[in-house]
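So that you can tell them apart, the chains are marked A, B, C and D in the order they are listed, and the count of residues begins at 1 in each.
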Amino acid sequence: MTTPVRPYGDTLDDGAVQLSFTLPVPFGPRGREAARLLVEKLGFRHAEVVHSAPLAEGFSFYVAYGRTDVSVDFDAVRVEEATGERVYTMDEACAVIREKLGRKLVVVGACTGFDAHTVGIDAIMNMKGYNHHYGLERYSEVEAHNLGAQVPNERLIDYAVSVNADAILVSQIVTQKDVHVRNLTELIELLEAKGLRERFVVCAGGTRIGNKLAVELGYDAGFGPGTYADHVATFVIDRLVERAAARA
Amino acid sequence: MTTPVRPYGDTLDDGAVQLSFTLPVPFGPRGREAARLLVEKLGFRHAEVVHSAPLAEGFSFYVAYGRTDVSVDFDAVRVEEATGERVYTMDEACAVIREKLGRKLVVVGACTGFDAHTVGIDAIMNMKGYNHHYGLERYSEVEAHNLGAQVPNERLIDYAVSVNADAILVSQIVTQKDVHVRNLTELIELLEAKGLRERFVVCAGGTRIGNKLAVELGYDAGFGPGTYADHVATFVIDRLVERAAARA
Amino acid sequence: MESRLHLPPERITRGRELASRIVAPVQDFIDAHTTVTVERATLRLAGADGADADGVPVPNLVVDQVRDRLEEGALRFWVNALVRTGDDVVTLSRRVAGGFRLDGIPLADPVSLEAKAAELVSAASMRVRGNRKRREELLARHAGKNHSPLLYVIVATGNIHEDVKQARAAAAQGADVVAVIRTTAQSLLDYVPYGATTEGFGGTYATQENFRIMRAALDEEIERHGRYVHLTNYASGLCMPEIAVMGALERLDMMLNDSMYGILFRDINMYRTFVDQKFSRMVNAWAGVVINTGEDNYLTTSDAVEKAYTVLASQFLNERFALVAGLEPWQMGLGHAFEMDPALPDGFLLEVAQALMAREIFPEAPLKYMPPTKFMTGDVFRGVVQNALFNFASKLTGQGIHLLGMLTEAIHTPFMQDRYLALENAKYVMGSMAGLGEEITFRKDGVVVKRANQVLEEAVAFLEKVEGTGLMDAIATGLFADVKRPRDGGKGLDGLRKKGEGYWNPFETHLTRELGLGGGR
Amino acid sequence: MESRLHLPPERITRGRELASRIVAPVQDFIDAHTTVTVERATLRLAGADGADADGVPVPNLVVDQVRDRLEEGALRFWVNALVRTGDDVVTLSRRVAGGFRLDGIPLADPVSLEAKAAELVSAASMRVRGNRKRREELLARHAGKNHSPLLYVIVATGNIHEDVKQARAAAAQGADVVAVIRTTAQSLLDYVPYGATTEGFGGTYATQENFRIMRAALDEEIERHGRYVHLTNYASGLCMPEIAVMGALERLDMMLNDSMYGILFRDINMYRTFVDQKFSRMVNAWAGVVINTGEDNYLTTSDAVEKAYTVLASQFLNERFALVAGLEPWQMGLGHAFEMDPALPDGFLLEVAQALMAREIFPEAPLKYMPPTKFMTGDVFRGVVQNALFNFASKLTGQGIHLLGMLTEAIHTPFMQDRYLALENAKYVMGSMAGLGEEITFRKDGVVVKRANQVLEEAVAFLEKVEGTGLMDAIATGLFADVKRPRDGGKGLDGLRKKGEGYWNPFETHLTRELGLGGGR
């Protein structure tokens, strides 16, 4: 079955979309027409520039509405999230660790490179947690090390080795000019160069990070906005149990 | 010369555009991914869904940013406005009428069909005018008849004939389901059926009306937001002078 | 409550007094007349319904048949036919739709006519009373769940079935009131279309079936969300009384109903409107409907500072016309609007002054506050800010019914997401500054206090003038809204009739009695 | 002015007293120490500039050469080389960049060293005095043209030339202040990059050439629009004093400069930061720069209600550290932020209480009010509303420097259109409700008054505790911002030196005298 879906304004399949953008052209009727043509070229019917304003010499701003015939087959849309429907609560997670691993799970986390946004990794690791979901430090069966902000990849790896970690959790928030991609890639390359990649479950997280991107970059999983400790814990535990089973 | 212009966020040609739309799908990761795919299919690179929210059962809302390579050749952008750079002031307009027509210009205006939005046509015709631009009633050389709101096309034509009008000005503000197109077309068809089309300069105006649309529909000209009496007066006078010259 | 604006109570009293004197002579005129739509409304109350093959509604067919004898009241012919044929109302409606004429049937004896009429009145009463009771029960069951002010959104797709989707979404998002906007110019139709409709422009036809469909959908939403969702439609226009009846029968909760809107803004004949509004308001009063008056319309054409007093003057008149039609203060959703020019320095202060003034002068009325419209542009982002300030002003001054501004006001009738964003905006702003009104006092010699006092003075002065001229001549000479509406001009005058000696309308009599009103015949 | 919040003056005095007692011992430590960047800053004042082929700046090259003798002050070596070689500063800089060493040159006689130093001090003084004068002239010429509060926007493209376009656009749109945001983590570099730069992440490198380019562009905009446009950059970090010097030389108008930000939020060693902030603030004071402190940072991690007192406590400390570095009250852009949870009922009232409290406690300081950031989401439309309420609160409480919130805060560094929309939002809101602050009084027993008094109490109590512990130990034990920063931890400790007996720094001496400060050596 295919279910083509289109944007919806007030009638099914009307395709209505709101756009806004700046053009590097002077404000005036020609700019307005250029904006309209652009919206048309983007594949919109009924392209209407409903507002324009001068921003500066040679720059102008536009608000437009258009209608598109483009559709997405909703049935074919697949999301690969790191965790499925089933997410362990803290107590469940600890029970599984006790039962299946028989020892404490060791996790090292950090916000790496020059990134100093710790709120995200803290949300995952700190006692207090986030939105009424406790962080990993609260898990009785987890030994959690939060190295904080601006941790060089090298130091993170050394530390993970020194505490014999099961999992490494990396946070990256600043994404301008794809600095996060560079930094995440570097960590994996370093791990591989040292022959340590297989030793850890390595997860990335951040506002603009998803499972898809992280997996592409060589991580075991990626976590975006709305993640709680529960999600990462579930993923790490399941992955470790899997590995243990494979080894056995 | 061609000058391809693209949307501008903070770097030339970065192609940055903001979008928002509703999809008739439930809120959740799959909806979000569908939204992202849609933005990609609209031709955006780096399609990022930065916000999603549930609207109702089976409907969800998305805010997205994307970057496009689509460009418009700014040098090739042409706008056909009804009036060019040169717009008569009220006094100039009256002087030209006196000199070139040698009699008062008779103009009949109305907001037609079921449309009751008189503010626009009043802005053009009333004494007081709009934004410190007097309306046609103030022009000493213009005899202006404003028939007001909800005037049937038939009545408008009869009236124009009865006062021996030079020009008919029609305002249309409500555009839902293209009701304005229907109504504007009807007027021209009626005029043609009665063999009166050539007798009047016929202009349309309104918030969503431009010269292009009006001309397509058989009008002499069309006027959108930001129009003042000056603009219409200039157009009508020039057109009449032209015709007189052609006849002579 | 003591006035926070230091408004002199005697000036407020004076305004009321003037309104009462202005309305009295108009009331005498009203009592002596009926109109085609008052008669059709009566027939609808008596069960006339349906339409013929051309779509002409049965009430119109009946009234057209007896056009020359309308001074007797159309109901007599309907009741007589019921008595004579023994049909029930549904059958008779169907027969009339098929061409059956009522005007030739010899009259039955007055006693059986009265008896039949009493039966019909009681059937209608039961239905309307049932609706009122249902509303009261639901409101009681979900007490405390609505927002204050009530968050009011419109749907206007033109298609009742799309409207339902939009309305359900709005309910899910927290709307307290859903208004179905009428198609452009329905107010000028001298009949009410029949059945479910899917083709309107800028709105959806007000039909009884559309009312029913929407009410049923919203009732489901009430259950789902545990919050009462009010339904609103428009009475105004050439069919005010009939639509009021439809609203009463289908349990609408609010209706747009202004004593002069049709005259001033739709060029409907003034005699016609005055008579129509009275009957329609009696019906609203009876049905427990909250009316929404149209003072906002003054400011869509005139300046909100210069003409603020016209709003207040009109509120005084609407209040008086409401009182004499039996509406209680809690039913008077008197209108005003946030139409201050965003470029005006301290415009927000003037707006707050005017909104609070209305609040203090009509303390029991659930004031209906309209959002910015005329200064909205295609800049949807600035539109969001204008709406935020509007939301702020409304909560700050304790308004009752809050029409949400749409960021796309200058562009199109609302998309589903527009309404969502409007609700988010209002919920956030109003939640975050909820207590501010209670926190603050205004300087006694400040801009806000001065402004409110000035507007009150101007309104009273204006009413003095109107009282001098008489309301009808005031309208004819252009004192209101800058338009001149001659007594004999405008649409619908041919539908006016002086009531004859033998005018018979047991429904009117019933309403008059129920509402404790004197007058009428 | 009498307190509208009924704050007890004696508690405010107590807060100031505590701050003074807390700062005093730290000040003693500061006076006894110098750091690599204080030395480099001194060299910069003395004309050392440029970089070697690897991009290592000349001031760093000099300091590295004399690393082991820093307790004498690095300037001696530079001045000595000038005297001995007869080079001018440009030539000597070029030679040092080429590898020329200063540490081996035999010392000239003290008289010629003093003379040369006096010459350099006077050259720097002339330049800085000239900049101050130019600013004062321009401000006087365009008096009354800036907004109140000043509308402050950031540019952060990473490329100085793009930044210029963005800044010019902002100026055209009405911005009063343009801040060039620094690239991620420049604060952790122990040198200042040299020359124009085009590659930064989330911001643009602070370099002297970038300062110059932007200043020149904004000066053109000042002429074009007849409005002074302030330029801001960041002093904070491992190079605080040097960047302050660059700002003084290039006529920056404001600089981010907090006495503890580096310690708490960048894990820079506390000794290092305390010493650095003092010198950098003296330079700011001398240059007539307004500092912007970083109290907003407390609230990006902690809750704005729970931890409001930390903001006030930090303001007291920043004020004291500023006073002892010679800054005048008009130069103290003390920070705070609108980081109230939008979901919090009456959150706006709490926010207004806190903002007005800061206004009343620091009546002469041009408070720097930061916009919502942490509760901003990808919902740009709701973001616009959050910013509208922020604009409202700022104008209502009379803030001095208003950082505009961007609707895309949660998404990217600002696009040109984002800034435009932010300016439109602020101009509209602030214009429309401009007079409201003057109009209203808050109930004496209301939420706002109570909240302000409570935060003041909590701040004083907190300062009592810090005074008990001592500032350094308080930081070490995690009393501030929930982080523990051990005395010997953090970055940059190796750049700290105890001043020797013969420490020589005529610039410091000059500044101390000019600013009328005691202490120093």
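Everything that follows uses one rule, which is that contacts are C-beta pairs under 8 Å (C-beta built on N, C-alpha and C of every residue); 3 or more make two chains touch, one makes a residue touch a chain.
Remember, it's a predicted structure, so these values are computed and weren't measured experimentally.
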Contact-pair count is greater, between A-D and A-C, for A-D
Most remote chain w.r.t. Chain B, using mean C-alpha positions, is D
Expressed in whole Å, how far the mean CA point of chain A lies from that of chain C is 52
Chain B to chain C, mean C-alpha position gap in Å, rounds to 33
Between the Cα centroids of chain C and chain D the separation in whole angstrom comes to 60
Shared-interface residues of chain A (touching two or more other chains) are 8-9, 16, 18, 20-22, 48, 53, 59
Residue numbers in chain D touching two or more further chains are 379-381, 410, 412-413, 415-417
Listed in rising order, the residues of chain A that touch chain B in the complex are 5-9, 12, 16-25, 29-30, 32-34, 37-38, 41-43, 48, 59, 68, 70-72, 74, 77-79, 81, 208
As the complex stands, chain A meets chain D at residues 20-22, 53-57, 59, 61, 114-116, 118-119, 122, 148-150, 174, 176-177, 179, 207
Interface with chain B, chain D side, in the complex: residues 157, 159, 162, 166, 377-381, 410-417
Residue set of chain D touching chain A in the complex reads 158, 165, 168-169, 172-173, 184-185, 188, 199, 201-202, 265-267, 300-301, 374, 410, 412-413, 415-417, 420
As the complex stands, chain D meets chain C at residues 340, 342-349, 379-382, 384-386, 388-389, 392, 407, 421, 424-425, 428-429, 431-436, 438-443, 446-448
